């Protein structure tokens, strides 16, 4: 009897699945007649759910944007690989999302292809496509565009940070190169920028190369940055990866406390890597985002330079996605998707960091308010590009 | 076995590893313990590994595999640091809170285990997910940061790490080797059914085991947190990795336990492991090489351990 | 007599708890889907689609679990197999070669694990922990050797024709037929259950536990190899994080499906499929409810423990399980 019960249950379940699979041909997102009156569902792909930056972005969308627009956000789980990204997009399609904003980059071409075939608007936030990818996908109807720091901005951000300390006369450095050993381009470009600044200031080369060529050198070395003299500048310690074991923490402590290191530069996560080990008197520069903790560290003198993304920087890409969902996509004069670059807010003192953070964390009056974003819905490409390019704190608050 | 033989047997592995590591370092022109920082790093790694090894071994020796110990360390350090920062208190308060909360979390895991009577590995999977989720929710996903709190960061000294290690060792020896609970624990380890039939109360024994393991992980969470001034969040079993660092010292400890107490064996195993970690740091060994070397060391040691008799016979011939 | 019959009935219902749990989860999902604006047909297709890879790998892993053993390195093994398979495809342009290499690589890794365990008498779990470290390091070495940044890619166009739910279902069906036949209707399954349930008795009756262990690991290897192949087809960009969650997903699915972790006579080959579907269904419910990541994980943990507790109610003993 029990065997029969089990068989019946399994049969029932199989039937349910089969019926649903059979009926799936009718799937896809519907389009309402008056889209602005209907809640627009937007899926957000996130590769990291626990970083300060990812949490700040989520807060801006959920705590501010959702309260002032008729939209609903769905956030993916942490997406570690391309397969997880595909599954998350499938989940959003099943939930009738009209647009997807991606902050995950394991396989952007696959994301774009999938969204195009499923007729869902797709936009890239906090990053950009490569030139080759852009040429391939710029004409796709459902590809909205990308806004974020491109790789040249990442390089320049690293360069500027190192130069800031070099200009003050510091000559002995230690670096945290993050995911460079996993070949993460963003971190490699930032590290290369720092090394290029050292080459310029020290009148030397990094293992025989200078400038942008350092990117290729790091890639060729398996993402490793090596210590040594760069002209008159010394790079005396390097830590990479995210092992979080005793050896890794030990290396961080060793570099942070090395008497032959005056300045610690981090391509990211400097606040959770070097900050805790750093003795007083040493300098620390980091590329990350503005949080209560980072402001606290700057006030305490633990952190001395911060190039940070601001949470509202993902406002314009939301406006462009919403505009597309409303049937008013923003396209270039050639009818292509846009590719716009946006950089960081840089704070060199606690007061500036505090000022940035107060605006950045506000859920009532953030850097990009509804009034500002409203001007982007249905805007021309030129107006949109002009708005995005004026990303500095002073320009936005003006 | 003579005393001299016992001492030699107990020290053979840690001393051998130390000598090999020192020789390798010297050949690379590096002194293994050349700076005060090296000594702190060594003692901290030793304390860290010792606490996890004790915590893991308590239940693993009883056939209870516990995936949740890392998440208990995470959650206890999150709660204790939040309270400590709110009260503007010092490291001692945070340590006590970590140990107490870790103990409570361990007890909760044990309570679920003895209540639902599921295999411990299953319970530990559920509890690991639960604790990770709770830590994430409590901090809004941000974790806890106190990198500029010199009082908490200042705890990391050789003396303090030695004190914690000594306290853990004394606790383990006192509780497991000199109390009726400890005798009952050993009886349950060697013959669960027979022990229960002779009247040993298994449930309280298991609960105390989980409580002690949780408290030890609380202390480990405290050391990790105060070491780098930040607690980062983990989801989807991201917290289980600390458990893996305890296997090699546990097996080494088990071997050394033939010559002395198994607790002292774990201590010497932890020191061996810390020596290897320090060598990685001093020689700047890449992470993937570290993984390969550590895995090969563990497999080689286990092959020796499990085939000792055959090897001895082979050598005789 | 009636009492006995009642007991048998109750035991049967408890055995069916994982399936009942899955149906309940499906019912909850349908109700939520009706309330919220959700494309139900696409959702079910999606759930099946997302469960298949875990189903395949976990079904193969049942052969290891039945022996009372445990392999934590399956995800890493799958990642290595997929990367080597993708590299083979990029050199030959043949999907058949890619499949053969994925299978060959996964079976080879499984054989190394089982031989280490059986020849050197190492505890299986510890062997797989060491293998996990070695394979994770190997992934980085392979990616570096491939020389294409942080990923190894197969052109999406090359796998587009088979990148659909029906192909995946076909692979699953074929593998399930192989597994159900060998596990339920052949000597292999019965011997595995015997060895897992009572190794000493099995040895005394002349069974070769080492040989069975090697065969069990080989079957698991086939599952991992097929999982690697399906992963490339589904998402042809592979990185060091590929299949990162598979190891734990497999354990959770097997347990959620009602399989006893101690193996033995109560092992069921279909547990993995039921468990994988349940886990995906639960994840979908959490997604639709749009809960905070932490709360979502706590709810999942509670439901997991609840379902497994109910399914194992009839296997409780006087002493605590180990």
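Just so it is clear, A, B and C label the chains in written order, and each chain counts residues from 1 on its own.
Basically, contacts are C-beta pairs under 8 Å (C-beta built on N, C-alpha and C of every residue); 3 or more make two chains touch, one makes a residue touch a chain.
A quick note: this is a predicted structure, and the numbers were derived from the prediction, not measured.
Note on interfaces A-B and B-C: more C-beta pairs are in contact across B-C.
Greatest Cα centroid separation from chain B: this falls to A. Chain centres here are Cα means. That of chain A falls 33 Å from that of chain C.
Distance between chain centres (mean CA atoms), chain A to chain B: 36 Å.
The distance from the centre of chain B to the centre of chain C, each centre being the mean of the chain's C-alpha atoms, comes to 30 Å. In chain C, 140, 245, 293 are the positions where the chain touches two or more neighbouring chains simultaneously.
Residue positions 136, 141, 235-236 of chain B each touch two or more of the other chains. Annotation for chain A: residues touching 2 or more other chains are 49, 77-78, 181. Only residues 62-65, 112-114, 116-123, 125-130, 132-138, 141, 192-193, 196, 202-203, 206, 235-237, 244, 247, 251, 288-289, 291-292, 294-296, 298-299, 302-303, 306-307 of chain B touch chain C when the two sit together in their complex. Those residues of chain A that touch chain B in the complex are listed here as 49-50, 52, 55, 77-78, 181, 224, 241, 243-254, 257, 271-273, 275-277, 291, 293, 296-297, 299-302. Residues of chain B that touch chain A in their complex: 37-38, 40-41, 44-45, 48-49, 136, 140-143, 145, 147-148, 153, 227-230, 232-236, 241, 245, 274, 277-278, 280-281, 284-287, 290.
Of all residues in chain C, only 70, 116, 120-123, 125-127, 129-134, 136-137, 140-141, 245, 248, 251-252, 255, 260-262, 292-298, 300-302, 304-305, 308-309, 312, 316-322 touch chain B in the complex they form. Against chain A, the residues of chain C that register as touching in their complex are 8-9, 11-13, 15-16, 19-20, 22-23, 26, 36-46, 48-50, 53, 140, 143-144, 149-151, 156, 165, 231, 234-245, 270, 283-284, 287-288, 290, 293.
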